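Take a look at the structure set out below.
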Amino acid sequence: MVDLFALIFLVASLFMLAGRSITNTITLLTVQALALCLIAFYLGLSTQETNWHMVIVGGLTLVVKVIILPWVFYKLVYKVNLHREVSLSVGLVSSILIGLLLIGLAYGYIVPVLLKDIPVGGHLISAALAGILLGCFFMISRRSALSQLIGVVAMENGLFLCGVAVTGGMPLIIELGIFFDILVGALVMALMTYQINDTFETIDTKFLNKLKG
Amino acid sequence: MFASIQGNIIFIMIAIYLIGAVMPFLFKVNSKMSFITGCIPGSIAGVIGLVLGLAGLFSTDPFGVSFGHVLPGVELMIQIDRLSGFFLSTICLVTFLVSLYSWEYMKIYRQENIAWWSFYYNIFVLSMVFVVTVNNAIAFLIFWELMTLTSYLLVTFEYRSQNVRKAGFVYIVMTHLGTVFIIGAFLIMSNGFGGWGYEVLARNSISLTATEKSWVFLLALIGFGTKAGIVPLNVWLPLAHPAAPSNVSAVMSGVMIKTAIYGMIRLIIDILGPGPTWWGGLVLTLGIISAVIGVIYALMEQDLKRLLAFSSVENIGIILMGIGTSLVFYSLSMPVPAAIALAAGLFHLFNHAIFKSLLFLATGAIYYATHTRNMEELGGLIKKMPQTALLFLIGAISISAMPLFNGFASEYQIYQSLVTISSLRVSGFWSIAGILAAVALALTGTLVAACFVKAFGISFLALPRTQKSAAAREVPLSMRFSMAPLAALCLGLGIFPQVAMNSLLGVVGQLVPGSRVSGVTTYNFNLALLLLATILVLLALSRLLGTPRVRKTATWGCGIETDAAMEYSAASFSQPFRRLYRGLLQPQRKVETKSSLLPYFGYQIYFEEHVKSVLKEFLYRPLRSLTISMSKKWRCIQSGNINFYLGYVFITLIVLLVWVR
Amino acid sequence: MLYLLLALPIISGLLCCFTKARNAELINILGSLLTGITAIYCCLTPFMTGTAQKLNSHKIYKILILDELSAILVFIIGVVGTTCCLYGVTYLRQERSHGEIAEKRVGLFFGLLHFFVATMYLAVLADNLGVMWVAIEGTTIVSALLVAFYGNKSALEAAWKYLIICTVGIAFAMLGIILTFYAARGVLGSDEISLSWQQLYLVADQLDPSLMKLAFIFILVGYGTKAGLFPLHTWLPDAHSQAPSPVSALLSGVLLNCAIYAIIRFHLLTTMAVGEGFSGQLLIIFGLMSMVAALPFILVQKDIKRLLAYSSVEHVGIIILGVGLGGTLGYTGAILHLINHALGKSVLFLSAGTLAQRYKSKLIPKIHGIGQWLPVTSAIFMASLLAIGGLPPFGLFFSELTIASQGFQVKGALVGFVFLMVIAVVFAGLIYFGGKMYFSDPVTTCPSKREGFSVSHVLLLLPLGLLLLQGIYMPHAIQQLINQVVKFMLLGGMPSV
Amino acid sequence: MTGKLLIILGQFSFLLLVAPLINGIIKKSKALLQCRRGPSLLQPYFDIIKFLRRESVVSVHTSWLTQLTPIICLASYLVAGSMIPLWQHENLGIGDMIALTYLFAMARFFLALAALEPASAFGGMGSSREMMISSLVEPVMVVGLFSLAATAGTTDINGIMGAGQNPAGLLTFIGLLIVVLAETGRIPVDNPDTHLELTMVHEGMLLEYAGRQVGLLHLAAMIKQVVLLILLIHLFWPQNPNAPVYVALVLIFAKVSFLGLVLAMIESALAKMRLFKLPELMAGGMAFCLLAVLSTYLI
């Protein structure tokens, strides 16, 4: 059951690489987050006495990552009205291939080789690592500030999944702090995206290349 | 008890130097008081230091004072043994006179801020004192760098001119890079647990392997060689010395570059101990190269101070010849000749300190009187400033090693060592090498003579070439007075060299174990006396016979009235040498004749000839441009594209993940 | 006490945000002074009492802790932070007179400045890995706002790169923390304790090596990004050059040190878990890489603040190298260098900022004859430049020498020699540009009147004096403290009692 | 002490008396070789006395240096001569090769300075060329003397008496003979008789001198020549140490005049070289001396 959600998560983060449309990307991000909080709820409720910690975390995810952030992003998209990724730094096909490669790396090298003697819950952790790597690569392959922002959140999702997978969630206070951080960070980035849009009349970071040497 | 008294004296000396450094700030800048408070404490402390140095030179066991642990694992302790004593007395003797001299001399720099000058100057001297007296590697390095820094600030004192800035930059960069090698040498010897004292290093160095020892030797040679200005590394010297005010260049050339020799002796002979023979051979070779090349370039110079700077290179070469010879003997385990050779080297070091500072000060006097250092603008000064002329002449005679004067006394000793090395027949190679070295020394000697005939003859004799030198006046008394003792020492040590040699043998006896030398055959002072006597007798005779009538007329100028334009100029004096050594100097001449209406009458000739510094052309400039271009290429990694930046992070992560197992 | 240390800057920051410029300055001065005093007082306690000062907020585990290592950092933040906040007043006045910054944003500036300081305090005081992570992420966010403060194109660009790159890095760091947590939970069981440094150090040798190796790699990449190690340093020159000078001073003087602090802590942990060699090896490699890679940028550089930024990269490399080499000398050198670099570089940035303000340009060719126009500031600038170049009588010479000697001992002559050579060449670059600016004729446009001595110079001279003390005569007490810290590190984070 | 002084005085007077005669002999024999009658043997004496009596014309640009130089030259050559023991070979304690070399250098130094003083181009040219030539000659001289000194193991002149009496010594002798030619300013290096401005070196330096000074300088030059010849004899062709005084003196005189004849022959056989051909000549001399060294040490 968990593995199914993990699969959804993984597929979502892979497909983010596939499309040019930013709105779709945001949808995929939402799907990712949704899978995430489902996993959290499942882990929390499947056990005979409910693990409230997990439930709370799941709820937070639901609020922050499934509702608030996507909403913010959508607004942002309409504000700067940029629905399609203007320019990629890595071509779609090649980025898909690289994405598959990264998944391979996570599944085939990091977990079985580097973490071999550690009993990990299913392939959650592999999925999480893959998610993080994919998120990072997503940022590399996209040029627009907005996509990079989305990439950051995607990585955070991967981190979250990893936390859940490995440790069944960090201590609650930390968890809260992290959520707060992500929220503020994302908002600040969004703010800055606005400013960039105002100042440069575009959010394509290829024009942010005046500082060099 | 004795030591504690000495300690107090040391404290007092340091205090006086510091007073000299800060006092001038209290007075209105460039008021008379600031000059006095800047220079007089320096000279007083110099006297005290001289006394201390002599005490150390002749006392059997070292004395000193500790300042406690100033840094983690570093105890700052002044310890004056014989070697330190010798160098301390040299430094303090010269700086004492220079400080006296500066008091008047610095007045030509009124527009600058004298307070800063005296701050830098006193700290500079103080750091030199520390460099030769501390017994701890870290402290040595700290004060070594402090010395470099302060001297850099002194060199760039007239920073308004472009050349001075350039000179200062080259100077500090070269010496700083040199320091890296010195640090390397020290660190190879130090064990990891912060053993920094000399004796600790000495203990460690016993356990070093032969290759490690050789590395230490090479690093030390390069590092100190940079400061001393041995030939491949001497580019800073002819730039920095002329850039600094003359009194400062007197100190730099007279004593500062000698601290490098101190470091070499301390590190290689005292701490590191004997090594393979090729060490000595290398030092000897470097010495020969520096001596010959240095003097050839000196001969080409028109600027008096550049000439003196190059001749410093040459003299350092001669000193190194002495040291190298002694290293050879040392490694062949012949302590006695080693001791004598080393003493000879030290003796020449001291003599060079004396006459080179004398010459620089005299040049400063010329600059004071004429505001130029270019020989082509001078001339006829022997009539305008006779006493300065006499002092300069004495310096010139001594540096070109004429009998009766100290330069000859020390070069004689070095000759003796070379003869010994070839007559002991340790091997055919060394026998021939000794003779060849002697030949090189002889060649150097003649070239130096030529060089200083030019220096004195062109700038002091014949007619003044420009208005500047025609209007010259004799410099103030205090300047002449502070030069006189140096001249007196030149003559005195020339006539009684045994005194110096024997006390130096004491110094060497401390360094080279088992070298108890009773006395050494200095060249007999009967000769000196005889020569003096003969000269005097002949003078007396020519007086007694009564001079026949003397008619004073103008010089015969082929029928034309002679004027300064017809004199032999400095450039034309050195022309034969330029032609002789064209392979090295690569002179480029450019001649244009512009004829006016008639081809035979009244046509002007434009002539210019430059010599190239081969080192600069073919070593330093390419190196520099290569570095710059490589850096320019490398900058492209900071391309300004954020995707790349993220890519760097990502790739680093992947690489590490792959690397980890 | 520690809570006070956190509370003070936050309070004053809040106050600043919602007041007029005039009062904001006042509050800023008061707040920063108080914070500084508290910091100094706090950082002395562990040495006085000899034990780490713990604050039991929650019954089970501690949020804040002040042991020897963090005390050093608190000291640095105290001194440099206060200096920068105070200097900010003069700086902003200049900016306002030039009309660079609107009157009403002054309060905001000081507020953010104080929040920035607060987050850094939290980062070094946190006993909990998670809290520390949160704090460091917080510093990124706040300081990004400060970097973007001017709001012009280049500032925005710098801020954006800074934000994005550092966030990505921090994310990796989080992954490392999670792995550590997992490894620790295997030993310590209960959740909360297993993220506390104190507890971790106690059980460090039982942690799973392979997990810790992986964790350390993520940590290194993560916090390394923040610290500006070579391939990850790309945000650093942009941010440092575009931020207002007091902020650049804080970034380079303190923020980098916070990241280094995190790396050091994990290094100690990993060394005890995995054994010698692994993490040290990595640190040595990264340290050397950073030094060598920063060199060319320093040799050919037009922008004075970028120059200083790259020299920061180089110095971070030096510190990291020292930590990696380890041993008594290595750690002593690293700690001393941490302090010295923070002091010297902040002074350098502040004075350079003033120069740039006066000449209305950050380009070195445009800045002539500072020696004659601004004698005092330029003297301070040159002094700190020489200090950063590693020339005696300033402290950096000694710390570099110490690290170098450890290098010669541990890694053989080559590493040590490369290390020294790079430093020397960097010095050549610095002195070249310094000389260009100092020993040249002043621009014709500059007013004839020379600058006099003012209170802001005293502010700059204070750290410089400390630096001098570090280089020539270190009081015995301070040497004791340093030894204590080094002992602490050698024991691998155990309290040294 | 007094004994030594007497010996020294005796040597001085011997040199002073013999030197002009030797010069006369050389001149005369040269003339005869060139099928001229030539001046009388005593002509140099007359010249010197004439010069010493004549009024001296001094340039207004000169200073005390010009007055002092002839004295210094004469003194240094005399002292150099007194280093080489002529009869009883007891150690005068002053004989030393290096000192000898440098005494010559000293005389040259002052002469070159004095030549620069009267602001005329000829003097300058003369002195610069003189220094150049000396920088070529002196190394050869040193390598020659040192190869002998090293074999003898000392630089004391008594110590190395007759050190050149071996096959290697012959090579050294040739080398040193070339040195002597150069040092005495003879063809092929310099022409003592010319007064054509552009070719003179030694004469060029004396150009502005007149009267007593020039007389002293001529005398000094003659003494230098004799000293060099005596040195050669001392090294390569010494006579019995404990011969009575008059025998020794007579022998010395004979040998010196013989060498003078040799010089005369060489001079009349060769033509003057161009200035910048001299390095090759000196390289030849150097080659001989080095060959000698190699043959002593390697064979």
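For clarity, chains are labelled A, B, C and D in written order, and residue numbers in each chain start from 1.
To be clear about the criterion, a contact is a pair of C-beta atoms (placed from the backbone, for glycine too) under 8 Å apart; a residue touches a chain by one contact, two chains touch by 3 or more.
Computed from a predicted structure; not experimentally measured.
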| item | value |
| --- | --- |
| Chain of greatest Cα-centre distance to chain D | A |
| Of B-D and B-C, pair with higher C-beta contact tally | B-D |
| Chain centre separation in whole Å, for chain C relative to chain B (CA means) | 44 |
| Distance from chain D to chain C - Cα centre to Cα centre, in angstrom | 78 |
| Interchain centroid distance [CA atoms averaged], chain B/chain D, Å | 36 |
| Between chain B and chain A, distance of the C-alpha-averaged centres to the nearest whole Å | 69 |
| Multi-chain contact sites of chain D, meaning residues that touch two or more partners | none |
| Residue numbers of chain A (touch at least two other chains) | 110, 114, 136, 139, 148, 205, 208-211, 213 |
| Sequence positions of chain B contacting 2 or more other chains | 635, 638, 642, 646, 649, 657, 660 |
| Interchain contacts, given as pairs of chains that touch | A-B, A-C, B-C, B-D |
| Interfacial residue positions of chain A with respect to chain B in the complex | 89, 105, 109-110, 113-114, 133, 136-137, 139-141, 143, 148, 205-206, 208-213 |
| Chain B to chain A touching residues, read off their complex | 635, 638-643, 646-647, 649-650, 654, 657, 660-661 |
| Residues of chain C defined as touching chain B within the complex | 160-161, 164-165, 168-169, 172, 213-214, 217-218, 220-221, 225, 231-232, 234-235, 237, 282, 293, 295-297, 299-300, 327-329, 332, 371, 386, 391-393, 397-398, 401-402, 404-406, 408-410, 413, 416-417, 420-421, 423-425, 427-428, 431-432, 435, 438-441, 471-474, 476, 479, 482-483 |
| Residue numbers on chain D that touch chain B, as the complex places them | 8, 12, 52-61, 63, 65, 71-72, 74-76, 78-79, 82-83, 93-94, 96, 98-99, 101-103, 105-106, 108-109, 112-113, 116-121, 123-125, 127-129, 131-132, 134-136, 138-139, 141-143, 146-147, 149-155, 208, 211-212, 216, 275-276, 279, 293-294, 297-298 |
| Contacting residues of chain B [partner chain D, same complex] | 380, 382-383, 386, 397, 400-404, 408, 412, 415-416, 418-419, 422-423, 425, 428, 431-432, 434-436, 438-443, 445-447, 449-450, 453-454, 456-458, 461-463, 523-524, 526-527, 530-531, 534-535, 538-539, 542, 545, 547-557, 562, 564, 566-568, 572-577, 579-580 |
